[in-house]
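Chains: A, B, C and D, in written order; residue numbering restarts at 1 for each.
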């Protein structure tokens, strides 16, 4: 409970969680009203994971994100406008509309991007940490992925190198109990933490619905990474409220309504943290309501803005296939 | 004849083959209770049980590897690869292991397995869920590659794929799963290496694969209204390729456009066009044109995505110009 | 010391080890005298591993092998003639000369083949075990691979499935201390047995220079696999006497002559087992010498045969790209 | 001018670039003390230390992934992939991740990395160590693909690759490592997308990549003795491809053969031939011929392996027939 030592920090954590939930509610609404191209994966229910971790990081720390990436993006400092623009394929989006929900990235805050290949960013995150080590930089990289992603062989390959070379990377496994329509226990043998430990990596398991617990652990591990004590593994126990994606409405064949209700009613990370804030006298109910209302208002404005925003000009279609290389650097002696 | 969806056709083909041959089984991510995200395989686990319809972890190289080993030792696995874009993950198992076993063992080992996956953009799924990667596998000796263009082909080619003694990759168009086509009640198989002349015509040959067959047919209709008779041919399998049927048509029409949804450069259209140029050169009145997807990662934004793949107007336009004797690029 | 209960079994184990050593000596000689196309990887020093395990198996049990595969091939029952023919690219080779040393396979004895992709056969072995389980067959599959191969992500993917589905497969890691020119400890973090255990797989470590210890363990595990208690993992501590391949002559930059001498002089699996056989009165020194001489003679004859044998006809070059499919099976109703 | 081996040329290029740019580093299996099995990188670890020359575990997808991440955040990794056949293992990291980052991020992320690997058969290394897989990567937008044909190109293209802001795949011919060629002492770079006219001629154009350039040159010598003047062109990079130089030559000679060591079907020769056919059609006196490797896994047996790849006699033979007005396949 002492992870963040002042009121502003607590309130920012709370606000960031509400911003994620609100972002997702609006994104879902855009889908349901057929205003969003394609599908998207909601982060609702898992807010304490992204916020607890990203609040322990600075802008020069990097993260890699997943197909369920809006939460990481908001938590790492992104703005609603560019995010909604991206989800709608508009030019002002973080990726000029070319990436969309599954590839949203926000370079300026150190978000190296969502990834539509499960586990696909494990190498990228570890490589970012390798670069930090080689260049003597003291930034940390957090690699977010789901429980399902632990089935990708890539993870074991990069953990081995991270451990051998003591890289400043934290593998953060968001265990929400499911990969798509399958329960984790049906597709993961043995113990997930033991898999990291087998490579000599210190592993932790934490309640992913408790933002302060997550944040405290993340602060400790990030600090230790900076001292060269990495890598680390953290398994965060959490739950996704929506279906696998926004179109996954009838879920009873793979999980019960009771189970969903239990998580929502008894373990909601926002409700829990709100209760704590009020109990500690950090904020009054009225202040919280005002804050919630403000976030709602911000989201609404951003959605309106994004809906009205321009699509990229069709001439952009073959821009950015290759990055430019300054011809001057290609001369001898350059 | 009854009409069923492509999705249903695939489901029927697999069910029929699993009933016929007890060594056949199905594996992949969320193939059992969920019946895949596209619901193509719904109902199979109820009939065949979880012993023959296996939900796997998200381990594409792993379960493709398992299929290779099972196939080498007496089973006939059908593997579901949820998106064609995941082919990159399984290339070693598919191309170094499955494709080469028969040859490397001097004909002693065989790998009778089917990898079913999909292709196709314009679903707003962005660069890693929209690729059409048939050219990659078509390049590798030892594989066979089928590209059904409707429910009818999807069923007939799948049944042949399951019975073939080689690793077969079959690409379904993910945008076509709900499209209906006439499919006989009676059992039928479509042999590999037999192109299908979808429409006859004397002025120009449109050779199109999978998703592009409809595009070619629409273009042919437009052209017909203008008095240009286009012949539309669907090769159905690109390995083996029915060169004879393609050549015969091109020798008749003297003009051709090859259309495929993979990236144009170093893609499927290049191979087909090259063969026509090589073997029907003196019959051609104009260069064989190619229309593939643009050489760009598939953009998310609808405004951009739609223009990356060949469309009927573009095909008709090129056909008109070829028939009018205009040389598209020639200096 | 009670793994095999009769004299014939012991003598066959001994003979098989000598056959492997002798095969390799001849293969090396063929290379040195420029009679062998390409390179090859010697199994000498590791004989107790292949023999200890394969003597616990029947012809219907399967193995998958590696780039260092001659030992597995001999141990699983292959004949010298077809093996040498294959190494020389001759038509009478196990693969009609098309596979060579790195792809030698012997279907008739259940050897599914060597593999030139490190770790490349892990899926194949596990798939063979899956087939056994699905078809209710009681055969076991052993997957041989080196310590270096544990860095391939594929292993973790297939172990997970093998554990979830309780497949009759034994992963046999031949830890010879090196992958190519690099020491294992430089490229493998943590513990190799712990990696298997993390998936809930029972793991064993055994002295790979002690053929009886290996055989006893293999018998137990194979029997337990047949009862549905698989999968298992075994790490076999061993050593390769030659370089990584026959061309790797100057090795001092990565390992010392003293280290090599120590293994050869003090831990040789053949010398050790021979001593035991004599001590136990199972064979006399003279009988052993006669046996050794016989194997040498067999090898010599096989080499001579192979050298004189025919290359495949060039018309074979495009045969076997695709397997034939009987057209009758492609008819409706078939 | 001094002559050095291709191996030495690559080594020099990397050393020079590592001296020039401290963010450049090298990683791969046995690249440090061992200097790779081909000894191409010997000495680099002594100069740059194990911090900048990293021996990796046998984890190809893993270390290519690390390179992508390092490149995205400010380093310039050079990755060594010991055999081109292992490309299958890294396709996801290379084609889904590296190739698409710049585009998917709307131009914000860049991935300046080099993947150096090799190609080439006839080394008796069998089907999994002899492939020439350039067509696979050339098909994927976002990558660049260089194919040096001698020590001179190997050095100049490598230096450009390291400085290029994109993922570049560079294929060296593993049979050519000990071949010497004149290489200036002074620094030079070879720009991407500039074909090299190795030999001028008026009768026929031989377009050849990498290992096949020597084959084409030998064929050209034979032909010259018979009075046929062949122009030999090495595109040097197949992405980007210097179409202009190729077209110019073909318009002059009216005949062409494209030669590449990858499998012929759905391979590199198809793309180049198609572009020539499309854009120089009315200048051609004969179909553009293609000569790739046979569509078979590479056999181990020397008796078989050697006939799977194009050889000078075959090229000369085809050239003669084209020049004599014989139509190879045309009916």
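The rule is simple: a residue touches a chain if its C-beta (ideal position, glycine included) is under 8 Å from a C-beta of that chain, and two chains touch if they have at least 3 such contacts.
Everything numeric here is computed off the predicted structure, so don't read it as measured data.
Averaging Cα atoms per chain gives one point for each, and the point farthest from that of chain D is the centre of A.
Between B-C and A-B, more C-beta contact pairs join the chains of B-C. One simple way to say how far apart two chains are is to compare their mean CA positions; for chain B and chain C this gives 40 Å.
In this assembly, the C-alpha centroid of chain C lies 36 Å from the C-alpha centroid of chain D.
Mean C-alpha positions place chain A and chain C at a centre distance of 46 Å.
The multi-chain contact residues of chain A, meaning those touching 2 or more other chains, are 95-99, 103, 115, 117, 120, 151-154, 157, 160, 164, 186-188, 321.
For chain B, residues that reach two or more other chains under the stated contact definition are 56-57, 59, 61-62, 85-86, 89, 92, 96, 103-104, 126-128, 141-142, 295-297, 299-300. Only residues 23, 25, 51-52, 54, 56-57, 59, 61-75, 77, 92-93, 96-97, 101-112, 141-142, 144, 160, 163-166, 186-189, 191 of chain D touch chain A when the two sit together in their complex. Per the touch definition, chain B reaches chain A in the complex via residues 29-30, 33-34, 37, 55-59, 61-62, 85-86, 89, 123-129, 294-297, 299-304, 307-308. Of all residues in chain C, those touching chain D in their complex are 37-39, 89-90, 95-103, 115-120, 148-149, 151-153, 179-182, 186-188, 253-254, 311-312, 314, 316-318, 321.
Chain C contributes residues 62, 64, 93-99, 103, 105, 107, 112-113, 115, 117, 120-132, 134-135, 141, 153-154, 157-158, 160-161, 164-165, 319-325, 329-334 to its touches with chain B in the complex.
For chain C in complex with chain A, the residues that touch the partner chain are 151-157, 159-160, 163-164, 186-191, 194-195, 197-201.
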